[in-house]
Each structure stands twice: as structure tokens, then as C-alpha cells.
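Here subunit A shows up in two complexes: once beside subunit B, once beside subunit C.
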Partner chain A sequence: MATLNIMVGQEQGNVPVTVLRVEGDIDAATHKDLQDKAAEVIEKGATHILLDLGGVDYMGSAGFRAIHAVSNMLSDEESSGLSKSPYLKLLNPTDAVARVIKTLGFDVYLDIYQDRSEAVNAF
Partner chain B sequence: METPLTSTENRIETLKKCMFLAGLQASVLSGLASKAETLRVASDVTIITRGEEGSTMYFIISGSARVHDGEVIWAHLKEGEVFGEMAVLDSEVRSATVTTESDSLLLSIERDVFYDALSTDPDAFKAVLHAVLKREREIVEQVKTRSTKLLAYQKELEIGRRIQADFLPGSIPKIDNWEVAAWFEAAREVAGDFYDVFKLKTSSHVAIVIGDVCDKGVGAALFMTLFRSLIRATSLYGCMDSAVDNANGGKASEILLNSVLTTNRYIATTHAGSSMFASVFFGLLDPGTGELIYVNAGHEAPMIFRQNGEVELLDITGGVMGLFPAASYTVGSAKLNEGDLIFTYTDGVNEAKNPDGEQFTEERILKVAAPEGNSTDAFLRIVLEAVREFRGEAEQSDDITMLALKYLPPSA
Partner chain C sequence: MSTGQVFDLSVTASLENLQKVRQYIDHVGSSLGVNDEAMGDLRLVVDEAVTNVIIHGYGDNDGVVEVHMEAEGDSVIIRIRDHAESFDPSHVNAPKLDTALKDRPFGGMGIFLIKKMTDEAEFLPLGGGGNEIRLVKHGVI
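This part shows the complex of A and B:
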């Protein structure tokens, strides 16, 4: 069965940022890997996650649902009133994924960056 | 890793417990036992694989395994049960995959060993045949039970399909000087797509809605009914927590925005754990003037085909609905003139795939679209036929929904 390769990195910006670098297609078969990994790092104390999508060539609706689930795991009372999540940001989506993000308007909900350090310091 | 069972006697006892060999004489069992090999296998190890050749059968001394094809599980096997015997008996390829479900101890017997042992006793074949037939009868019973259950599920699904059909407009209201056509084709019994056309109670505006709930099947269908009903209810009867009382007036743009915000907030809050979303285009058309105001919540851009050949795309004015309670939307506007046609659709059209996996794309819609001189019905048929031709033998993988409205020119 297809699985996602997810590497966990740690960066220090204004706050500690956990970077999840995802490799593989995020679809119905693999989206749970992303949710599980996010749950694991959040359990260990991660509060701000930068999701690096540079290695994702395809993301179906299951992938967007997983991203929402991660955003939900990180949300608190303060963030639920905001139109953009202060705790989850996206990094470097491939052209194909960026196109779907734009079609669905996910860029309305999450900040997207091309540069890692800029993204880390934006939290 | 192999670990020999302590004694031939123990092996004989193990083989005896197996229904498949229960009818064999002690001498035959002893022959088999002496040549059988033991295997200790960890959990989650695939022992035989569907479609592959194999000449070994396995008896479970301890542990458990599942008979499956990918994620579809056919049976769970436990201590005393056998697998792999079919390919041993008929020399065909393996009919299923078997994977251990716990640390297991297995006894394996090769085809040659099995037939050699059986040939020492004239009644042995008869005993094995009886055992095989007994198992076959059990399988037939299982199939019967499953067929009955399947039939019941199919009936339930059919009821679901019929109920869901009620969530699409039974008929489209007649609008003076406008022609409306819709097409809806589910990829499965129940669908996540929806569309709606209805007149507002308090103004002359006509609501045009098209939406696509993520995912497919029953889950998507349940959320489709929710999105569709909330949009319709909030725009017809007002929003309980809104200052604007839709039922007693209020500007069309306020009705539109309140309906979208309330529907989004309700689903994003009440069903947050489901992470289900929908892309929705919701427009309010003033049929007397052709003025259209709309919210495009992450949906494929509807196309306005102008009489002069120009095409205007109504891009998104916000993200998909149902996920983030605080999502905000802006209201877009456009004007249709006499002779113009607006075409809305779901991604079953632009993402329809041909056998090579290529997508139909928005560009192809624009290429085949022939609004000029065609009725909305004919227009939808042209697009649909182009999609079908493009798809060829490939399966319809997603629901296809299309809705077109045309402002009739004075001469019509």
C-alpha cells in the first residue's frame, strides 16, 4: 500500500516551528499518514507546523481534508475566530498542487510560502 | 525461521485436528507428519500471494491469518485450519493471498509429499475429497448469506438514491425570457454533486446553485443534502442569528452573503471533525435586468458566453465551504445581456479522464462550447457528448453536473 514519506524537522523563528516535509501523493490511501504524523508531533509538543509540500506531485480532496484536520488539531479558542490559521502554514507546493489550492481557495485559509526561512519567521 | 515440532506424534495430533485431513488413517497422517516442515512466522507476513504459482499447503498449528485480496478480507483462519490446499490439489495459481495476523506456527506440506502419502491408502483420496466438498458446501452457504446481505445493502442504497433525488429540484421554475437546462449524472448510486434553481420569496431574484462535496459515496451524499438544504433554507427563510431578515426583505447581496456565511459556519462548527467541504457557486440573478451577484466558494469558474464571442470567467470570491468557521467571502457581480449564456459545472466535466489519464480541462470546454444559436439543452448536450467522446472506454470517475441559463434574445 502506498505510504507517505514524512520527515520531521525543527526550526526556531519567533516561536519553535516543526517542519513536516511530505513526499508522495496525498490521496485517499495516504492522507492518514499525514494526520497521524501531525498528531504525533503535536502530542510531543509541536504548536506551529510548517507543511513542506515540495515533494507532493498530487493532492486529492482527501489531502485537503487531512490539512484541515491538522489545522483543527492545532486550533484553539483564539485562532478559531480568525480567517487564517496562525499555527499552520504551507511551503513550496508544486505547480500541480498549487493549482488545486488556488481552485479550491485554500490560500484564503492558509498562508503559502516559497522560502523556508521566510515561512518560519512568519509564525 | 524454522523450529521443529518436538515429535512426529505432536505433528500427527496437529494434522488430525484439521478437518481437511480428519478422515485419513493414522499411517497416512504419520507419513505426512514425518515429511512436513514447521515454520515460525511473525505477524503480518504474507505466506502466499494471489495469482502466483505454489506447490505448498499450510496448516496453522497456532496463531491466525486472513485470506484476502488487497484490503478485501474473505476469511479469518485460526488454529487447525488449512490454506494453500487448492493450488496443491489442482496445480492452478493461488486463488487468494494469505497473511498472518499474529505470530504463528505453521506446518507446511509439499504437493509431491501429499500425493505420495495419499497413494499409500486407497480410501485417502475419498476422505480428502469429502473434506474438500464439505468445505465447498460451507462456502456456498457463506456466499448465499453474503448475497442476501448484499441485496439488502443494495436496496438500502437504492432507497438512499431515491431520497437523494428529492434534494435536487424536481422541476426548474419557469423564468420569463430565460431558458434553463440542467444535467446531473452520478458516478455511483449516490452523489456528492448538487444543483438548485429557485425563486426568492421576497424579490424577483432567481437563485442558481451548483456544488460539489468532496469525496464520493454515502458520506458525500449525506453532506450534499446538508449543504443544499442549508443554502436553500437560509436564503428563503433567513438566518436566525443574522440581523438581516431574508423572509421580510433585505438586499439580495445581503441575503446571498448571509446564506453562504451561515451555511459555512454551521457545517464548519457542527461537523468540524468530519473535515468535509464543498465547492459551491451560488448566484442570485435578476432575470429582468440580467444582473447577477454571486459567491464562488472554491468552485470551477462558471463561464459567461457573450453574444460577441467573448467569454467571462467568474473566479472564486472565497474558499471552499464547510471547513473554517471564520471564512469570509466577497460578492462578485456580472451582467448578462440578451443572447448571453452562463454555464456552470462540476469537476466531473473538466477533470473527466481519457484512457491515458489526461483530463478534459477547462480549455476543451471553451473549445467545444457552442452557445451561439443553440438552446441551453443543446448546449449541454454538446459539452456532454464531447466529454463522453474524450473519455472513451475510461470509467466515469466523478459525478457530472451542469447548469446553463440563457437570456433569450428579443427575436426568440
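This part shows the complex of A and C:
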């Protein structure tokens, strides 16, 4: 059965940041793994999540549904409008994944970083 | 002029087989000499189309999805066939790209990507039941 490998890390920037490092293909068979893991860390108190996509070779629309759901889980009244989410950021997507992020307009909502410490300190 | 290169894949309609479908596109695409950027697009659109067939076409029913990929000149033509209920994507709303994410409805992204990343995308009901999705991308070989 197709599954995602998701490692949870903790970093301290201006705020505590939970890093989810995802490895595998995020498709309709696996996207719920990401959603469930994010729900689990949020339940345990995570308020700021950095999603490390460096190990994701493929992400289709199901992956974006998961990211959308995670963003909604973290959002509050302050995160309305078209401003970037203060609670969810993306790290190191491959070129192919970055292209889809742009095509679907998710770069309008989510900051994308190549450098982990820069990303952590951006929260 | 057709090169006559046709490849066939037949899988049961299970989301677990999506990876196998993407591997087939990679394998055939690379033997046809498709460029890297187009490979990413083709992998994506086929995954999205097959996902829709499995989820919206077959639903809880068992079935088979067939994928045919061939080159014609510098274009790639992909046909995806099923024996599921007809699925009319013209009823699917495109995602609202200018709306705040938390106000943006889920769904519609797969069809949007298919139309955006191909030069032609036709959804055809087959005479004896089932559907064929025909996807064409030019200038990729």
C-alpha cells in the first residue's frame, strides 16, 4: 500500500516551528497521510508548520487539497484575504512541484523557501 | 505522420495503482524522447485523469482503466479508457484563484490542471458504455 514517510522535527525561530519533512509521492492514495499527520501535530499544540517538500518527487491536486486543509486547520480571522499564511510555509519543492504550486496559484497564499533556517526565521 | 508507437497499460481502478500509471508514463515518455518539463506535465495530467475515473467514474465499483500513449510527429497523444459512468467535466467549476485560500472551495483542481497543461483535452463517451479521455501535447519530442 502506498504511504508517505513523514518525519516531524521541531525548530525554534521567533516562534516554535514544527517541520514536517515529507518523502514519497503525494497523490490521491497518500494525501491523507499528510493531512492526518498535520492534524496530529496541531492537536498536540503545533501552531506554525514548515512543510519540507524536498523529498516529494510528485505532487498532484490531491496534495494541494491536503495543503489547503492544513492551511485551514491553522488559519484564524487574521489569515483572511489574499495575504500569505503566517502559520504555514513551504520548503524546497522540486521544480516540477513548484510549477504546479504556481499554476494552481498557491504561491499567492504560501511563502516558499529553499533554505531551512531562513524559512524557520520567517515565521 | 504517425510513428506507430503505441503502448498499452491496463490496471484495476484502485488509487493504489496511480504510482504504476505514473511509472508507465515515465517509461514510455522516456522511450519516446519526451523532454523533462513535458514529462512532468504528462505524469500530472494522466494521474489527475485516472484519479477522476477511479473516484468519480467507478466510485465504489470495480473496474479497469486503460492507458494508451503514442507519439505523432513531435506530439504525444494519450488515451485513457474506462467502462465507468459518464463523467462530464464541463460541470466542474474551475478553482477560484483570486479568492482567499480559506474561502476557496476544495476540488476542481484536477480538471483545471488537465486543461491547463495539455494542448487538447477531450472527454468522449464511448458507444458501448464507458468513456475515453484524449489528451494531446504538442512540441514535446
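Just so we're on the same page, the second predicted complex is superposed on the first by the 121 of 123 C-alpha atoms of A that agree within 3 Å, B and C clash if a C-alpha of one lies under 4 Å from a C-alpha of the other, contacts with A are read in each partner's own complex, and residues count from 1 in each chain.
We adopt the following convention: contacts are C-beta pairs under 8 Å (C-beta built on N, C-alpha and C of every residue); 3 or more make two chains touch, one makes a residue touch a chain.
In this text the structure is predicted, and so the values were computed from the model without any measurement.
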item	value
Broader residue contact with subunit A after superposition on the shared chain, subunit B or subunit C	C
Partner chain(s) touched by A:H68 [first = subunit B, second = subunit C, both, neither]	both
First, second, both or neither for A:A96, with subunit B first and subunit C second	second
Which of subunit B and subunit C A:Y87 touches, first, second, both or neither	neither
Touching partner for A:L104 - first (subunit B), second (subunit C), both, neither	both
Which of subunit B and subunit C A:Y113 touches, first, second, both or neither	neither
Partner chain in contact with A:Y58 - subunit B first, subunit C second, else both or neither	second
First (subunit B), second (subunit C), both or neither touched by A:F123	neither
Contact residues common to both interfaces of subunit A (with subunit B and with subunit C)	28, 61-62, 64-65, 68-69, 71-72, 80-82, 85, 103-106, 108-109
Residue ranges of subunit C touching subunit A (in the complex, touch as defined)	15-16, 18-19, 22, 37, 40, 43-44, 47-48, 51, 54-55, 95, 97-104, 106-107, 109-110, 112-113, 116-117
Parts of subunit A lying in touch with subunit B, wherever the complex brings them together	28, 61-62, 64-66, 68-69, 71-72, 80-83, 85, 103-109
Subunit A to subunit C touching residues, read off their complex	1-2, 25, 27-29, 58, 60-62, 64-65, 68-69, 71-72, 75, 79-82, 85, 95-96, 99-100, 103-106, 108-109
Complex interface listing, subunit B residues touching subunit A	214-215, 272-273, 275-277, 279, 297-298, 300, 316, 318-320, 323-328
